[in-house]
Every structure is written in C-alpha cells, then in structure tokens.
C-alpha cells in the first residue's frame, strides 16, 4: 500500500427524489430504501478511492429520526475516512428536504465499510487515506475505534482487547 | 401495555430470489439490497406483533461475509425479541442458498428496531413479548444490552451509565 | 427417476408487502402482480424439490376474489404436489392480511407447473414426490386429473381420452 | 346493459422489450412476468370496452412453450370477446420475436376475465360485445363454454350443469 | 444499402398504463419517464426496420403540454421515417387518455435517431425507407431538414452549410 | 418576480450507478434511461431555484455519443441558467466513468425546461437568475436563443421573428 490519496478525492454527492415505491403506508421513505441509497452512494465513494470493484463488508448502527415524506429530496455526501489494507470506511451524511415547503427534514450520518476486490473477488490492497480538513482528521482518528467495535460485534475481537473502544466507554481509566 | 404476546406470534418467513437488478458488477447481491429486504421483513414482523403501522427506528451493525450470486434464494426468518414501550427489537436470520448447486452460501443475522405509530405518526405502546424457547429467552435477555449500545451510539445515553453494556465488555468487574 | 423426496421438503413460505407500484387506480394489488409473486414463489419451491433450474410450463385457472389494499401483507405457502418425469406441479396458498386493521382479506390457491432443465435448457428428470399428510395425499391424487385438464386445454390430449378428467365431470358413469 | 360496442373497439396492442430484471438464471423471460404484462394489456382492453375502472377476476389456464430470451420484443394483442353483466372476457395473443436474429420465438394465447367497478369498487354493468370478423364470432360463441369451465373450477357451478362444457368434452352425445 | 423497406414495415404500437412510480408529487406522469417509454418504443421500431441491435443517437426537442394523471393509458405509435447509412430517424406519436373519464388528455410527437450496430458495437448500414402514405412522404422529405438541425446543434455542421435548415427559417430567399 | 437568486444556489449533483435493468442488449446504458435520470436531476434543480413543485415543459435536442457500460458511474451536475416568468431553463452536464478501469467514458450536456406550478397545477412566477461565473453568464445570455428555438420548434414563434436564433445561424448579417 505505497500509494496515498486525499480523503476529499473520494468525495461523492448523490441526490435522490423520494418516489412512491420508496414509501410506506404513511407515505414516508422506508428505512430499508434509505439504507439501500446509502449503500450505492458509499460503494461509488469506495470505488473512487480504490479504483477497484468494491463489495459491502458492513454497515454500522444507523438511527432514523424523523419521517421523510414522498417527494422529498434526499442528498447524500460521502468520503472514505480511512483505509485498512483492503477495507475502507466510508462516512455518509444524509440530508432530506421538502423543497416546496422550504423545510429541512432531517440530517443523519452513517458508516459503511467496503472491501476492494479483484475480478475473482479476492481482496486487494487500497491506497492509504490522507485527511486534510479538521473533520476529515477527526473521522480518520476515530475510525480505529469504530473498527474495533465492528470486530467486537462480529465476534472477531475480544472486548477486553479493544483498547480504543474501551476509551469510547471511558473505561480505560477505571 | 397490559397485553402480552408470544415471541413466536410474530414469526415471519420471507423468501426472495436474487434478480439481475439486485446485483453488482460481480453478479452478486448488493449489500444495500439485502438491507432493504431485511427492513421489509422486519417491518412485517413488527406489524404482526403490534397490529400497528410501524416505522424503522434503527438497524444495528450488520456484517456481510460471503457473496450471494445472482439466482440465489435468500430466506429471511424474523421475530420480535422484546418490546420497550412503543419500540420493538426484531431479530432476523438470513440464509442464502444456490439451490441448483446444492450449496448453502451464507448465514447472517441482524437486529432492526421499529416504533409503532398511530395514523398521525405518533408513537403508541405495544404488547410485551413473552419468550418461550431457549433461543427466544436468550435474545429477550440480551435485548437490554443491545438497546443500551444503540442509545450510546445515538448519543442518548452516557457510556458510563450503560450498565448492561459494560457487562458486554466484561468491564463490570474491573 | 430413482430418487424420492417428501412433499414437505419443498415447502416454501414467502411474505410480501403490497407497495405502491403493485397497485391499480383503486389502490389495490393488481392481479398480474399477484400472478408474478406466485410464479417466483412456485419457482423457488420447484427448485427446492429438483435442485435444478426450473422454467414455468403453465399456470392453471386462477380466480381473484376480494381486493387486497396497498400496505397489506401477502403470504404465499407452496409445495410440490407431484412430479411427472421432468415436470412438477406446485400448489400455492395465498393469504392477504391488513395487519393494522387486524383484518384477514382473502385466501386463494393456485397450481403452477414447472419443468426442470439443465444448463442448455433441456428437460431433465426430477425425484418422485412422497406425500405424507392427508392434504398432501389428496393433492397428490388429484394432480393426475389437473394434469389431464392442462393437456386437454393445451390441445395435447383428446377430451375423450382424459379418463381422470371425465371423473371430475362425473361423466365416467354416464 | 342497453349499449353495444364492437369487439374491435377494444383492440389493444402492447409492445415490450425483455429487460434484464424480467429474466431468470437462463436469461429468459420469467413466466410470472409475462402473466403480469398480459394482465396490464388485458386491463387496458377491458377499460376501453367499459370506460370503467376494471379489476382482474380470473386468468384461464396458460401454457408456456418456448423460452423468450433477454432483448426479445414481446407483442400483445387483445380484445374483449364477450361481456356478461359486469364481467368481460379478454382474449390475448402473444408473439415474441428476436428481431436482430430475425427469429419468431413463439406465439401464445390467454384469456383473462375482468369486472368493471365504480369508484366504491362495486360491480357495474358493461356494454354487450358485437363480434364482426369470423375470429371474433368464434371467440364470442366459445366464451360461454370457457365461462362454464371457470365457474366449475371456482366451485360455483356443478359440472353436470355445465351444458356447454360437456360439449367441449364431446360428452353431450353420450 | 441495396435493400429497401416500407416505412409501414417498422410500425410499432406500444400501450402503457401510468403506474404510481411513474408519477410526480402532483400524481402526474414525469416527463423523464415518458422520454424513457418513447426511447424503448423507438428502439423496437428501429430494430424492426434494420433487424439489428440499435442504440439511441439523439432525441430531438420534445415539448410536454398537459399533465397525464396516474392511471392514464399512454399509447405510442412509431415508424422509421428515413434512413441515412447506419442511422434511422423514428417518428413517435403519443396519445394519453383517461379511459374511465372518457377524456383524451394530450397528443404529442417526437423524433428519436438510432444507429444500427453489429455485435462489436460498430455502425452498420440499414435498408433505405420507402414512404407510401402522404404522411410518410411528408416526414421522409422533412427528415433531411431535421437531420441538419441535429448536426448543427451537435456542432458537426456549420449553420451556413445547413441549406435545408435555412429553408425552415425561411431564409433561403434572403 | 421581485426576488433574485444566484445560479449557483440551484446547483445539484447527482451520482448514479448503471444497474442491469438500465442497460440494453449490449450491456450499455439505454438512452431513454439517461434522459430519465437527467429529468429527475433537472427537476430537483428547478425545485431548488423556485421552491415550488415543478413540471417538465421541454427537453432540447440531446445527442448520445459513446456507450456507457453496465457498472459505470454517471455524474450529473445541473443549475438553472435563466428564468422566464414561471419557466426555468436547466443546464445539465453528464459525465460517465468506469472507475475500476480508470476510464472517463463520455461527457455530455443537455437543457431541460421546467415550469413552476402551485398545488392546483397553475403556473406561478419564479425568482430571476443572477449569473456570477463566466460559464453561468454565457449560458444566461445564450438562454434567449435556445428559448426562441424551442418556441419555433413548438410552432409558437415564427422563424422570421426569432431574432436571437437568426444570429445562431449567422444570418442576421446577411
């Protein structure tokens, strides 16, 4: 992994209109459809960073706050926060807006992890991420903690070995 | 919340075939499409428990292991593990299979949380869950811990107050 | 066709939510969309029995009784009733429910026939079906009669040679 | 039902291209998707005859012969053969063609029955059909027999009372 | 290009129902969806003329007049007006109708240009068009003018060399 | 129309991945699907400028140059160039890229016109556009010419009265 790329090189903006088939009985965007939009946006972002085919490895905990009505415009903005060998963490900000009503509906955020693969589907290393802005630097730093949480939740790391994560729970000083 | 229902009353089985538009460039199911299927399955499950319109409140961390090729059959099996006032945690098991190749492809699991709402979209209480089998009981017990993790990750609970969660990290005895 | 499988080995349950694009001007599920759902459910069922790629050979007469409104949950339950060389008859029960209204909407049934094919699309023999429950046995027995009706309607069997079918019309004793 | 309309007044032609999501693992059109196309074509046909909202009442036995590959052009041609109070029988001819290969793939036919309804969904009478061409006349005559078969199969007519149907089985002279 | 075909040999009729996902917030057909329908109809038409795979080369200016509500029936009628080496101009007439309301909603027209290609995607000559009816002859004649406008707008022809086009602007006599 | 807004206030970026159902037999994006994407992107752009529901009024001549393969990423960038009472011209730049192949595939541009309407569908005035950059200024100036061409092509302006358009054909100095 000799090559390096700026976090902002992978910046991707995606805009979608909430169409009837995206909605539930209350005429609001279904959570699963938003998860699907975020996955496509994040996949494009990870492709931009790696110049590779990418596959979804995981999605972190996502909370849905306010309902997003039919006809709203959903804007997704994403970039790769940090790379670990063949895997990339993608940060996605979501904004929803009812434009004719001039009403910002909600803002949300999520983290998806993608793995770069070759044509046979085997993992392949990707460039390192160089963060520049304060926000990029903060997300680069905290990526380690989120990675530990993913590994613990997937049963691939013992909680007591998750040193960064313990810090999250302010337990490192207990 | 005077009424009670068995966990198994909400049991829902959903079977889907992976169609071309569900796949990525490698002809495998896209992660976001699976998240979408799980959301619909979990929503039906939460409806069965509450007899209410339900909206997605959150999805827990989900990991994707093996690729699921075009033409595979995806089976989702879900039930409500526990209810908290108007919210319900739904457990979803996913199995994918390439039937002509007689090959079980993967098994996965996820937790979605739904809130029951009335016609105006306001939260409304749902029946308590009565677990019966060992698996139902175990998931009922651990639901509290997962709920704390969700609240911590959403910034609505301080990590040091997440007593159940500290147990997960085997830190309660530190 | 030396191998045998139980009817219940192919049992498949599919659950779908009626989304906006599935509905007509009265906001009810379109008949053609239900026929499509039943075809996918039955195809998966026939795959489970044969462990082969399967193609739809025919659908028997299907009646639609009550309208199924937007937001309803449609549950399909299917199994292979009987096999004839490379073809399999699949029985599908459909239930529709408006869960928030606690209202069972309708119940319906249909028979689809599938042919198992190899990668070149040529028909290939499938295991025989062993019925166990009373319902499975009854559908196994009556499958012969339905097969004759299909052949008569397709112009591949002369009505007077359809001995089982004549029984249906209670004409064998005329 | 004082009004009368020619069979040809309802003639509808629909042309569809087989797109990737319409196909199965062998890259051929799925039977259920064709049933769906036929339902929409027949619904438009029944609307033209009745100038009413229409709902699918039944589809007769449909056989699928040859596979229709991805990229094929499917042409549907339909008209109302006969009306019975609020119900209309629609005849649909299907042709599939791989145009670049200059290959006619198959021809098929089906009968769908629709009921005209008012805005509350209640059945409402439709004009009588006046057949003109020989083909229209023949289908007008045989509609009675098919209607009896539908009623028998739906359990709403005793086989021995299906006088026209007995003729189909050449049993009227027994 | 030794072969010739009649304009009417490519005549294609396509009928579509406006479904919920085709509509905007006012429950009317979105312009982009109509452009999509016209493209598929015109592609089939160009295939019929050329017996080749065809790709869209351009769409001329299209105006949308009246809104087409959900549930309307849209009828497209198209034929190839003229061929130029490997390219074909397709004329498309669109009619929309709210059948239950017995209301013709709008009529529209458009011109799409397609190029015939071989399996490698390289352009390949197509038969000449022989117009027969007055309408076919008029569109055949004016095709040259529209082709010049397309070339000018694409920057591939200097306006002063567009002799036919200058006639359109009644400037040939200046 | 007292209010004014900057052209850049309406800037919208939309990113789409070419999925299987978007493609033709050669596995390339269908022209009609791209026209559909551009319509949605332009509609969002016009909404941002007007804070109103908008409907497509027309699309100018669009040329398609190179094929865009399955899996490509299509990026659309659009802004309102100029407003005329209730109508807005939207400029859309399209870039397609095969990211894993590090290959820019094509760049394209189009102009769509939208009309702002109130809840009854009646046209309503929108703010004037204030261009700032050189590109915005150039497109603002040339908008008049394109508007005349649209009116001429729609038969609503006589060619000889299209003073700006004559300039396009360099005929004003003849």
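Think of it as A, B, C, D, E and F in the order they're written, each chain with its own count starting at 1.
Going forward, a contact is a pair of C-beta atoms (placed from the backbone, for glycine too) under 8 Å apart; a residue touches a chain by one contact, two chains touch by 3 or more.
Computed from a predicted model, the values in this text were never measured in an experiment.
Engineer: Can you list every chain in contact with both subunit C and subunit D?
Structural biologist: The common neighbours are B, E.
Engineer: Can you list every chain in contact with both subunit B and subunit F?
Structural biologist: Both subunit B and subunit F are touched by A, D, going by the contact rule given at the top.
Engineer: Which chain's centre, taken as the mean of its Cα atoms, is farthest from the centre of subunit B?
Structural biologist: Between subunit B and the rest, the longest centre separation is with E.
Engineer: Please tell me whether the contact surfaces of subunit C and subunit E are same or different in residue numbering, using the over-half criterion.
Structural biologist: Because under half of the interface numbers appear in both copies, subunit E and subunit C meet with different residues.
Engineer: Compute the centre of every chain as the mean of its C-alpha atoms, then state which one is farthest from the centre of subunit F.
Structural biologist: C
Engineer: How many angstrom lie between the CA centroids of subunit E and subunit F, rounded to a whole number?
Structural biologist: Chain centroid spacing, subunit E to subunit F, equals 20 Å.
Engineer: Centroid of subunit D to centroid of subunit E, CA atoms only: how many Å?
Structural biologist: Centres of subunit D and subunit E (C-alpha means) sit 31 Å apart.
Engineer: Between subunit B and subunit D, what distance separates the C-alpha centroids? Give it in angstrom.
Structural biologist: Distance between chain centres, rounded to whole Å: 43 Å.
Engineer: Out of subunit D, which residues touch more than one other chain, so two or more?
Structural biologist: Those would be 20-21, 24-25, 40, 43, 53, 100.
Engineer: So which chains actually touch one another? I want all the pairs, not just one.
Structural biologist: Once each pair is checked, the touching ones are A-B, A-C, A-E, A-F, B-C, B-D, B-F, C-D, C-E, D-E, D-F, E-F.
Engineer: Which stretch or stretches of subunit B touch subunit C in the complex?
Structural biologist: 12-17, 40-41, 43-44, 47-48, 51-53, 73, 99-100, 102
Engineer: Quick check: in the complex, which residue numbers of subunit D touch subunit B?
Structural biologist: 20-21, 23-25
Engineer: Contact residues on subunit D for subunit C in the complex?
Structural biologist: 24-26, 28, 30-33, 35-40, 43, 53, 55-64, 67, 112, 117, 119, 121, 149-150, 152-154, 159-160, 162, 165-166, 168-171, 174
Engineer: Spell out the part of subunit E that touches subunit C in their complex, as residue ranges.
Structural biologist: Of all residues in subunit E, those touching subunit C are 19-21, 70-71, 100.
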